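Okay, so subunit A shows up in both of these, paired with subunit B first and subunit C after.
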Partner chain A sequence: MATIIINGTEHTLPEGEKLNAIQAAKLFGHEIPYYCWHPALSVVANCRMCEIEVGSKDPKTGEIKMVPKLVPGCQTPAKDGTVLVTDSEKVSVHQKMIMEYLLINHPLDCPVCDQAGQCGLQDYSYEYGQAAHRFVEERIVNPRKDVSDAIQLNQDRCIMCTRCVRFTREITGSGELNVINRGNHAEIDIFPGQPLDNPLAGNVVDLCPVGALLDKDFLHKQRFWFLSKHDSICTRCSTGCNIAAEENRGQLWRFRARYNPKVNDYWICDEGRSSYKSANEPNLLSAMFARGVAGGGLTQVGVEQATTLAREGLQRMAREGGAIAGILSPFLTVEEAYVMSAYLKGISSSAVLALGPIPSMGSDQTFTPDKIAGRNGDTSFLVPRPFTIHAEKCPNRMGVEAILSHFQGEVIDYAAISARVASGEFRALFVASDAIDPAYMEDDAAKLRRSDFLVVMDTTVTPLARLADVVLAGATFAEKAGSYVNFQGRLQYSEAALPPRDGSLPDLDLLAILSGKGTAPIHSRTILAEVATVVPAFSIVTEGKVPEFGVIIGGTPEPATVGAFPYTDPWLTPRGDHPTESGPNGRKQP
Partner chain B sequence: MQPDDPSLKRMTPPKLNILEKTYLPQILGGLAVTGRHIFGAAIGGKTFTEQYPEEQHIPSANYRGVHRLNKDENGRIKCVACMLCATACPAHCIDIVGATAPDTWDDREKYPENFVIDELRCIYCGMCEEACPVDAIELTGLYDLTGLSREEMIFDKTKLLSVFDLTKSVEPMKTARTSATPGESSSTHELVTKPTDGPSMRAHS
Partner chain C sequence: MAAFEPVLSRNWNVPDSHTLPVYESRGGYKASRKALTEMDPDKVVQVVKDSELRGRGGAGFPTGLKWSFLPKDRTQTFMCVNGDESEPATFNNRLLIERDPHQFIEGILIACFATKAATAYVYLRFEYIHAFRIMERAIADAREKGHLGKDIYGSGFDLEVYCHRGAGAYICGEETGLIESLEGKRGWPRIKPPFPAIEGAFRKPTVVNNVETLACVPHIIERGADWFKSIGTPKSYGPKLYCISGHVNKQVCVELPLGVTTNQLIEEHAGGVWKGRKAKAAVPGGISMGLLSAAEFDVPLDFEEIRKPGCLGLGTAAVTVMDETTSMVDYLYNSCRFFAHESCGQCTPCREGTGWLYKMMKRIKAGGGRLEDLDIMDNLAKNMGIMPGTTICGLADGAAWPVRNALAKFRGEIEDYIKTHQAPRYQVTPLQQAIAHGQSPVGSDTPMPDPTRRLPGPDLSTRATAHA
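Entry: the complex of A and B
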């Protein structure tokens, strides 16, 4: 059993994990401040912020020997008998000095800096720095520049931690960024004519501990503290990356990556990052419509009338002995797919359920960082994990398939069902879509319209919706809460980031009204708990709660993951969660 | 904050004596003020009433009235769209749309594309003025703020900048005021006593 002594207290280290001093200290509630270290990147120890007093305890004599000089914590392995002192006078004098150095050329323009509020320099200045600044010489002024069409670099705010450089070298392997010039004049730059445009480039903005690398899409639009963050899942492809969806005033402003070592590690792709925009589209379906209420065309109707017309229409067809079919899109959550399947099977036990079209684009693209190859610094603490952008551009094919297989033993794909509908086999058809890019175009519409009664639930105005008898305005990915099953078969829960837009209702509520469960809002958690008891594949879920990093459904055991401690850069942790906050005001006392 | 928070200071109200418990001294004290005002006006000829609007009221120099957005020496809006005023505002009545400053403004990076204050929702606390790092927003001595509709009382950037033009001669920017010799600049008084100086607040189009 390995023990480590931190600030005079002994702690037992976890088995099988190779930790450095920063991680070990954090595990036991002590903060060692740092900038340049990142768990996925090699250790370069260039910011010097994490220097602490390190020593070792002789296992036989019990004598403690300290290293005379301060040592970077990021490079210090936490082993049996390691002694760390993180709060001595010597350490704090050093931290003050480093902060003063880092701020020598800093423009101190927090009021106009997008990083303010989530900035490593602000947080550490407050906690470890000093108010006085002794540098009277002229500051180096480095103008801002673009490193790509999407990313701006305000070089004068940069602290030369080289996190961004290491990311492009070690994770994407594309190496667009590098350090030019030396000493005081060192700068981050790209090679002429080679912009930072790899598919994961946006992650350097998340990685930068200060406001140097900025997303031009978000630039100057909002302040960090106005945004409420929602733990969501990206629906742009079947990877199911964990994201923080940031909302203010009923609008999404950006997505940032959220750590999940079992899915996306610390990263998201640029396509997913910009997919928030589709939830802000002004021309999303904003009302319910029905045909034949007044005249022949589609007329705008209220929720109650639309759902009543849909329900009565479907029931009438079933009573008259007509066949009913439902097409469930892979953008539906598990809960929605379940309620919709149960509803259609409830109307007619012979109802046919099918999977909607699976959007696909290009081919899978995998980044496989190596533990050693392509890296320069100390890589002994790294646990490299691959990251894949999938060609399958929908979040929940596996989940919907699991539900469909439960209800009818097989999954009917879209080609099969559309041919069957076109042959006139079905009298009533219920199509649920919610796809990000409109899913049903003219030729689909022509085939699917062969049924006598057509209900469409969607978020965009598609050619199919124009031909429908009842159009229900459902929720976009941002407006619905629920769970998705990603390419690994991992069930993950996604919070709603936006309230339902005017004129629409979340699909789960619409389906609940249709199936006569009343008009009160339905919690996805209640439904998931029901799914777990009814559908054996989901039986691993207890009380409708999905674990933090998701859970593999279908009885497959969870693969073991090393180094999967929850991780967020300290400057991104919400206030109040800070490990060093101890004073009565929630802040360390000076 | 928890009730057992050690930084909370507990106060005990002072004990009242028997006379104070009757509340008579306080009542008599109040009546004395009323009496002074009645007899002061009737006998001493000392009135307390202001004949507004025939006589214009002159607010004190630190009166908090309608906001203005200051301009710099080049006539550009001083505000850098940091949204700290909107953050500080307890009434949530400031709405700013930030944007990257034009390339020709080499001294700054950000400016407000739009800046809206709902003057009806504002509680005139002055927190915005307090929060501003560049002294761009200030509360002026203008108090006769009236309008015929709610929409009219929502001031946009143009309107707020025009309040600056209207009041700058009598109320120089606070930064300028601290460096200027006292007395050199008068307060809002001139503006208010000579209402013909500029357009009335109501004449806004």
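Entry: the complex of A and C
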């Protein structure tokens, strides 16, 4: 059993993880400040902020020998007998010195800096810096520049940690960023005419510990401390990246990557990052509509009337012996798919359930960082993990398929159901659309209209909605909570980031009203708990709780993940959340 | 001393010494033939170890020991020869390459045989165009005569030597900076571990040796370790090329046994201090090694003794003499400017510290100095470098040492300069002063509000009165 001594206290190290001093100290509640270190990038030890006193304990004699000089914690392996001192006078004098150095040429423009409030310089200045500054010379003002159409570099704020440079070299392998000039004139830059435009480029903004790299999309829009963060799942492709959806005043402002070593590691793609915009669209459905209430066309109706019309219409068709079909979008959550399937099967046990069209674009794009190739410095702590942007542009095909298989033993794809509807087989059709981009264009819509009674649940005014008998305004991805099953078969839980828009209801509530479960808001966790007891594939989920990094459904064992040590940059961790008290990462378990 | 016979520089004054026939006619490539045909690699390493040859590049690390750090089960090894020679006032490698390239190639050949390296890269300073051309020619000639290439001397050992020119950065003389630069990257030193012997150029085990170190190797093989150890002082054996420059009558590079004194160099080899003046100070081994005052000129210049007067080390043994008219402020200004210009910008203390020192010296020189600046400089200098453990490479130590030595040995003079050179234009303004001290500006009657809790940092309540 490996033990480590931190500030005089012995701790037992976890088995099988290769940790450095920063991680080990964090695990046992001691903070070692750092800037340039990142667990996915090679160790270069150039910021020198994490320097501590290191020693080793002789296993036989118990004698402790300290290294006479300071040692960077990022490069120090936490092994049996390692002794770390993180709070000595020597260390704190050093930290003050580094803070003084870093602030020499740093403009104090915090009031207009996007990073303010989640800034490594601010936090560490307060905790480890000093109030006075001895520098009285002329400062260097490095220029501001654009590194791409989407990202701005305020070089005057840069502290040269080179995280962004290492990211483009080691993770994306594209190497757009580099360092030019020497000494305190050193700058981050791109090569002439070659902007930073790889599909993961936005991550450099998340990586930057200060406000040097800025997302122009977010620039000067919001103060960080006004944003409430919601642990969500990106719905732009079947990867199911973990994101923090940041919201204020009923609007989403940005997505940031949230760590999940089993899915997206520390990254999200730019497409996913910018997908928050579709939740803020002004033309989202703002009311329910029904046909034939007053005159021939679609008329705006209340929620109660719309749901009543839909329910009665479907029931009438079933009573009259007509065939009923439902088309479930792969954008639905597991809970919604379950309630909708149960509802339609409840109306008519012969109801046919099918999967909606699977949007697809291009081909899968995988970034496979290597442990050695393309890297610099010490790579011994690294556990490289690939990141894939999938061509399948929907979050929950696997989940909806699992539900459909349970209810009718097979999955009917869209081509089959579309042909059957077009042939006039069904008298009633319930389509849950919910896609971000309209899933059914005019041709598809015309085919689906061949049923006598058409109910559509959607978020925007689509061609299909225009032809429907009843239009239910459902929730966008940001407005609903629920679980998705990603390409690995991993069930992940996504919080709602926004309240329902005026005139709409979350899909789950709409379906609950249709099923006659009453009008009280229904919690997705309650449904998930029910799914777990009813559908064997989901039986691994207990009490509606999904573990932090998700869980593989269908009985497949979880693959072992090495080096999946919880990680958030300290300047992004909410202050006061002690790393060991509320679970790893300082985040409450869902 | 009289019996000392130069070996490294023995061919320098022979006509056409850079050509292969001349070198061969003077006994060249005998040692390499002996090593490759009669000895095995481990034997060569052992002989070099026994000779206690220490690296001539600056740090003085034992060469044989360095070679023995290579992993036993390695499949590929690279030899990098450090010919970057960017330390100011150092020019011995240049002479070694330009005047006797084949001695150097023979050294490479033996060292590569000992370390089982089939490829050697000679990293030459950008400015050494002439040396580069001579090396290219010498390599081609040696290859033609079978001293390089495949199956050298029928021993089954292959070696290719390539010359690579740097791009003019001082930092690329640091061994890992050199490796990065050789790989085509920015010359930023790497953190250690992994050491180059385990993971160096192209992530393969690599040996980095100085030109002069390798030039010693053929002679050690030819004459034996005991001969080598008969020269020099304890722990510093062998001949050394001393470069003497600055305020002397004759700027020369001479080969002498390790352990001569500065006085001997000036008087016996450099023709004394110029213009009949007296010496005031000397840089013992390249600017980064610190400063010797005239009173310390009888300290032997070897790897050990030189540390006693507070210098960083022997360095490149390039002695720069300053006469009595030289201002130490000018010396410090030049030294700080050099390191601020050459800092690679990787580690925070060096990147910002060298720039800060330079700006401070610039202000002092212009007439805006304060006495407290010297304390700040001393404090900065003591906290940067690999000695306190705050940087990756030794450049910051090199930047700090001149400051530390000059302040320790010539502080009085610098203080006098500050007191007598005051120009209002360059002085620190009351506002800057106030910000620096964390107190309200002079003349303002609004006191700074007391913080509700003591802010992190030094206790300012005592400071405010000290500078009031």
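Here is the rule we go by: the second predicted complex is superposed on the first by the 577 of 590 C-alpha atoms of A that agree within 3 Å, B and C clash if a C-alpha of one lies under 4 Å from a C-alpha of the other, contacts with A are read in each partner's own complex, and residues count from 1 in each chain.
Here, contacts are C-beta pairs under 8 Å (C-beta built on N, C-alpha and C of every residue); 3 or more make two chains touch, one makes a residue touch a chain.
Just so it is clear, the model here is predicted, and its values are computed rather than measured.
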item	value
First (subunit B), second (subunit C), both or neither touched by A:111	first
Which of subunit B and subunit C A:354 touches, first, second, both or neither	neither
Partner chain(s) touched by A:181 [first = subunit B, second = subunit C, both, neither]	second
Broader residue contact with subunit A after superposition on the shared chain, subunit B or subunit C	C
Subunit B versus subunit C as contact partner of A:226, first or second or both or neither	first
Partner chain in contact with A:84 - subunit B first, subunit C second, else both or neither	neither
Overlap of the subunit B and subunit C footprints on subunit A, listed as residue numbers	none
Residue ranges of subunit A in contact with subunit B within the complex	109, 111-112, 144, 154, 219-223, 225-226, 584-585
Touch list for subunit C against partner subunit A, complex	169, 171, 180, 185-186, 188, 190-191, 193-194, 203, 340-349, 351-356, 359-360, 362-363, 376, 383, 386-392, 428, 432-433, 435-438, 455-458, 460, 463
Residues of subunit B defined as touching subunit A within the complex	5-7, 80-84, 87, 97-100, 108-110, 133-134
Residues of subunit A touching subunit C in the complex	43-49, 51, 67, 69-72, 75, 94, 96-98, 101-102, 104-105, 126-138, 140, 159-160, 178-179, 181-186, 372, 376-378, 380
